[in-house]
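Letters A, B, C and D name the chains as they come in the text, with residue numbers starting at 1 for each one.
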Amino acid sequence: MDALILQILNGLDKGSAYALIALGLTLIFGTLGVVNFAHGAIFMIGAFCAVTLSKILNLSYETIDPNQTDFLGNPLKVKTPYVESWFGPEIGASLIDWAVPLAIIFSIPIMLAVGYIMERGLIKHFYKREHADQILVTFGLAIVLQEIIKYFYGANPIQTPSPDALSGVANVGAVFGMDIVYPVWRIVYFCFAAVIIAAVFSFLQFTTFGMVVRAGMADRETVGLLGIDIDRRFTIMFGIAAAVAGLAGVMYTPINSPNYHMGMDFLVLSFVVVVVGGMGSLPGAVLAGFMLGILESFASMNAIKSLIPGIDQIIIYVVAIIILLTRPRGLMGRKGVMEE
Amino acid sequence: MSKSTMTRRGVLKTGAVAGAGVALPTIFTASSAAAYTNEPTGGSVTLGFNVPQTGPYADEGADELRAYELAVEHLNGGGDGGMMNTFSSKELQGNGILGKKVEFVTGDTQTKSDAARASAKSMIEKDGAVMITGGSSSGVAIAVQGLCQEAGVIFMAGLTHSNDTTGKDKKANGFRHFFNGYMSGAALAPVLKNLYGTDRNAYHLTADYTWGWTQEESIAAATEALGWNTVNKVRTPLAATDFSSYIAPVLNSGADVLVLNHYGGNMVNSLTNAVQFGLREKIVNGKQFEIVVPLYSRLMAKGAGENVKGIHGSTNWHWSLQDDASKAFVKSFGTKYGFPPSQAAHTVYCQTLLYADACQRAGTFNPCGVAEALEGYEFDGLGNGKTLYRAEDHQCFKDVLVVRGKENPTSEFDLLEVVEVTPAAQVTYAPDHPMFAGGELGSCNPGA
Amino acid sequence: MLGLNKKDTSLMIVVIILTMFAPFILNPFPVDSAMAQFNAGYPDLMQRFVIFGIFAIGFNILFGLTGYLSFGHAAFLGIGSYSVVWMYKLLDYNVIYGLPLAVLTAGIFAVAIGYVSLRRSGIYFSILTLAFAQMSFNLAYSVLTPITNGETGLQVYNNDPQVLLGANEATSPHLFGIVMNNSFKLDVGAWQFTFNNGYYFCALVMLLVFYLSIRIFRSPFGLMLRAVKSNQNRLSYTGLNPRPYTLAAFVISGMYAGLAGGLMASMDPLAGAERMQWTASGEVVLMTILGGTGTLIGPVLGAGFIKYFENIFSKINDTILHQWFSFLPDGLEDAVVFIIHPFIGKGWHLTLGILFMLVVIFLPGGLVEGGQRIGKWIKSRGKSEDSDSGATTEPAE
Amino acid sequence: MGILEVKDVGKRFGGLQALGDVNLSVKENSVHAIIGPNGAGKSTLLNCLVGKLIPDTGSVMFDGQSVLGRTPYEINQMGISRVFQTPEIFSDLTVLENMMIPCFAKRDGAFRMHAIENMMSEAEIVDKAEHMLEEMNMADKAGMHSASMSRGDKRRLEIAMCLAQEPRLLLLDEPTAGMARADTNNTIDLLKQISDERDITIAIIEHDMHVVFSLANRITVLAQGTPLVEDDPENIRGNPKVREAYLGETA
């Protein structure tokens, strides 16, 4: 029983990342009709926002400590971060400690800008082009983005820890009188994802802006005829989608050390998630994200693995095939979307 | 089966028939002009450095490439000479190899067997490389080793840790300086016994491909010999990034040691996840829970950051070693690039020197001559103490380091500390050891 | 000629000439010159050009004609390779047993995967094919290791049965004694040209399947496939069942992929699981779009383009750059090398990514459109002189 | 017995009764018009006839055989061709290629693997397609890219494609919708000619009374998913129920 609950928690956690990426992907597809293969790269850029902020906070000046030697036998240069000398060692150290949560603030304007520039500079010219062309150009962009990151940060994963206060584990089972410990940061990640998802949905549901966008998603031409500048709103939606993926990336960094190709790792999975959810359906994307996350976790349980060897390698794809064959347009897809 | 002896004759025959029609041909595989593949005829000799330049091991590949460039510089008489000064053999003069200037070509393995073979082939076919070296994973090493055997050039393996490279898949033209899974187990076992006792329950998480399996087999055998009990061996997909669903079952499994048979990104993530789940603080069966990472590298330790502190593993070499050879190498590498070399850089540097020295001693670049010079060769002064290139399987036998993640690193490179240097005798095994059985070295192939 | 119209015949002749003289065309620079780095006329790369050409030609029969975008064709490539290597292991190194089997096995898998996947269209179809291919890859890499030899890749061991192996038979892939690895080199002045058995074998196979693909494009079947892409609704209301047509196209393109995979193993007797990964499937999609979807020659051009960058640009390193620019003053030389450095060697991905974007932005029809534009430009230059003269005479009338 | 017999056909979409107990009999070689206000269920009925929708109740018999449960292409092969409201042609292909497809469908059935022959060397098919184009006065457009034609020409091509299959029943779904007067008249003339010259039954769904009364010799009026009347045109003209249905709708 405990094991099952743990795996559900793991699934929700994996699902959070899938759902957040798929949500952005679906937003872009639903509003702009663009198949964006660079969305994984946006997630990766978000993660590297956190890395960058932590590097900025760690910018140091060097003092020479004659008592210690470095690897060449020269006197060791001891590095002290500037923030520690400006704000005192305690505040400075806690600033560095809290780099990842701070990066949320830092990353939002950056991600919005990245989204805006991408849409205005490139994607805009591809609305009327075939999906194949969109795939090629966004795939090219994804490669370029990740190679740029690799050029500056290298290929090795870069550790970006969570704040000490949020590291460690918590007993989540205490409420039910059970003993289930789970990493604090993973709980934070899931809650964060839930908040973001709720925010996006309420934005679309309850604001005029959101209503226009939803109307535009349903029938772009008619909304355009009403004299509403739908393109501008869609551009903003692209920025929001980028911000959602970026934030997912920022918060993901303590879970797994980010590297330059993490975007590609998530790209294929998030496409599967979007399609299983149904092209163009936001609730579908979220539902499919969590569902696949949980099923993936279950499949990696020893009992199930010993029953069907290798099931954890293919579970996502098996589920995708079964769902697409039983529900032609995924879980919640609309008819006629991306069926040509 | 006696087909290997027939090979060359068949090739010769068809080659000659095919060649007869064209005027002035020099035939690649069967020429009377060249005694072996890519015999250097001018004033220079070309070596092929085939390392991962893209993909997850790109940084390791870049470090290997730095070491290769350094080795070439030293061979050609540039720089401070590095380990050429400490190497027990004094054949190398700093005037290239056999008086020929050393040149090199580079390629990208992409950590894929196909791409690695394509890259190696282009070095052999286009650039006339007489030796191929490099790589950062066992799949690639075995694939390229097979290719070099067919093409008739020497392969000096880079970082490859699978038992198969010099076991089931060993080849007469291939040589490995790096240690392997069995040696990791043999080196770690006594240290683990001292630290954690003989009554332990180990849980293995293993990358689900051949390298992972051979390491799992080796470590499990070595620890079981101590009296440890293996609770479970769980295979994890290569593509996995989040290991939480594999770590969670460890919590209630009754295990008190977790062995992570992972490398690269897999290892960084699985270790990070294991620490996240509080395994380090856990007390099981009244004992402190421990994590072991049998194959360590500094670059991986860097990726995992804080999480490696106090975690034991084994490594081929580490820059903090204080023997003359290691110091000379660190100095010459560090002066040129500004940071200490990784174990991958060390092994490929050694491989290059060993190859050059073997050519020099054999007086030829002919793969058969070089192989003969390397087989059973004993040397010292390359940072691992006294070392033997065993003739039976072309594996180097040398001391293995047991290391631990350092608690208080003084710099970003100072992540591991050497706990013990396990002497070579303790990690030596018989050539027909069951974990290495099934393969055949064959006979050396000079190509032509 | 051979049932082709005039235009197709001349295209076929051009392709024949290009492939037959490829060892010359691809080696335009003398061996010892600095530009020799750009020579592509060595056996392995030439073989790859035609093998991936075959793969892309086949893919184009499905994607270019019917518009069904498969993201899982690499699975058939891998299946083809494994079939051939297994034949080496069981029988002997003659490729004559393996290649037909590769096509057949790939065809069987294509029938099964296609039958299921083609129940859906559009991106749903793409994801179904992707799912099947990724399943094949993941299993081949791990659980199916007894069949595929996993990470290491399937290869021939000395203790394999090889029941047909004769006493004097070659121990590398051959066709009735013609050993694929063998080549002869022709030295002409400073140039060296390599003629490789394997390349010519692949080239002949490619010409055959290229011819076949022209015939398919021009056949009633090809017409139906284009009709599927154009308007599937109209097709059903015209009494035609789209499903068997698309399935046939899927199976044919799967068999092409199997053949390409088989040829890869015929040139190099090793079958790695990475051949089936989604990146490999993506690569053939990129090749086809880059060259020109739905055109006859486009996919082959796209395949050549990508393989050239992968194999040539990844091998350029700083040392070579310094050699090239050594004529510049020292400071300038370093600056030039510094600027070019990110795009070569380990940066070849970056160059490729940028080129993808440039091609798709400026040449929506792919490289073929680039060729057409150049052709038109040359023609219009010729014509503009005529029309200029026409324009000047007009007022006089 | 008519060539097409619709009996008690009903169809629901969720809570909406789109069709309820529709009975219809189309006589061989007649021109039968089905008219009715918007939302009367005309298109739903048509979709039930061609296999796009399966009715919940009732039966549809064509020439004594049930069409229910058959796919569109099977029904087409039985001899029913359909012309769509907006012309459905193969817009990536040339006009001649468009014409050839139904000719192949007629000769070879729903599927035939002829992958090696050159389609242009199939003299029989090419001749028939060219002949058909000539008959429709479109021979000059044979090599044209069909997407670049005018809407009227697209309609003409679509009808020609249907006729090339020599169907026994031609279904037209508002064939003149959105057309200019001149094009409409041309289409009327074309359909008249077809009806006069060929051994064919035509069923037409139409809004435009001008078209209906110019062509039809039998009319069914649908309202709210059920047939109101079925009669000859002159009787329909004066029928108060029909007027009410239409005026009620327009008012």
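Note that in this section a contact is a pair of C-beta atoms (placed from the backbone, for glycine too) under 8 Å apart; a residue touches a chain by one contact, two chains touch by 3 or more.
Everything quoted here is computed from the prediction, not taken from an experiment.
Asks: So if I look at the partners of chain C and the partners of chain D, which chains show up in both lists?
Replies: Under the touch definition, chain C and chain D have no mutual neighbours whatsoever.
Asks: Kindly work out which chain lies most centrally, taking the average of its C-alpha atoms as its position.
Replies: C
Asks: State, to the nearest whole Å, the distance from the C-alpha centre of chain A to the C-alpha centre of chain B.
Replies: Inter-chain centre distance comes to 36 Å.
Asks: Between chain B and chain D, what distance separates the C-alpha centroids? Give it in angstrom.
Replies: Centre-to-centre distance between chain B and chain D: 74 Å.
Asks: Which whole number of Å gives the spacing of the CA centres of chain A and chain D?
Replies: Inter-chain centre distance comes to 52 Å.
Asks: So which bits of chain C are touching at least two other chains?
Replies: As it turns out, chain C has residues touching two or more other chains at 138, 142-143, 349.
Asks: Send over the residues of chain B in touch with two or more other chains.
Replies: 54, 58, 62, 208, 235, 237, 239
Asks: Could you say which residues in chain D touch two or more other chains, in rising order?
Replies: In chain D, no residue touches two or more other chains.
Asks: What are the touching chain pairs in this one?
Replies: Applying the touch criterion to every chain pair yields A-B, A-C, B-C, C-D.
Asks: Taking the complex as given, what residues does chain C use to touch chain B?
Replies: 39, 42-45, 48, 138, 141-143, 145, 149-153, 155, 157-159, 162, 165, 167-172, 174, 177-179, 181-187, 194-197, 264, 268-270, 272, 274-275, 310-311, 314-315, 317, 319, 345-346, 348-349
Asks: Show which residues of chain B lie in contact with chain C when the two form their complex.
Replies: Residues 1, 3-4, 6-7, 9-11, 13-15, 18-19, 22, 24-30, 53-54, 58, 61-62, 69, 104-108, 112-115, 117-119, 121-122, 125-126, 137-139, 142-143, 146-147, 150-151, 164, 169, 208-211, 235, 237-239, 438-440, 442.
Asks: For the complex, give me every residue of chain C touching chain A.
Replies: The contact residues of chain C facing chain A are 63, 67, 69, 116, 119-124, 127-128, 130-132, 134-135, 138-139, 142-143, 278, 282, 285-286, 289-290, 293, 342, 347, 349-350, 352-357, 359-361, 364.
Asks: In the complex of these two chains, what residues of chain A are touching chain B?
Replies: 2-3, 6-7, 10-11, 13-14, 17, 68, 70-73, 76, 150, 154-159, 161, 167-169, 181-183, 185-186, 255-257, 259, 261-262, 265, 296-297, 300-302, 305, 310, 312-313
Asks: What part of chain A is in contact with chain C in the complex they form?
Replies: 35, 122, 125, 129, 131-133, 135-137, 139-144, 147-148, 151, 268, 271-272, 275-276, 279, 309-310, 313-314, 316-318, 320-321, 324-325, 328-330, 338-340
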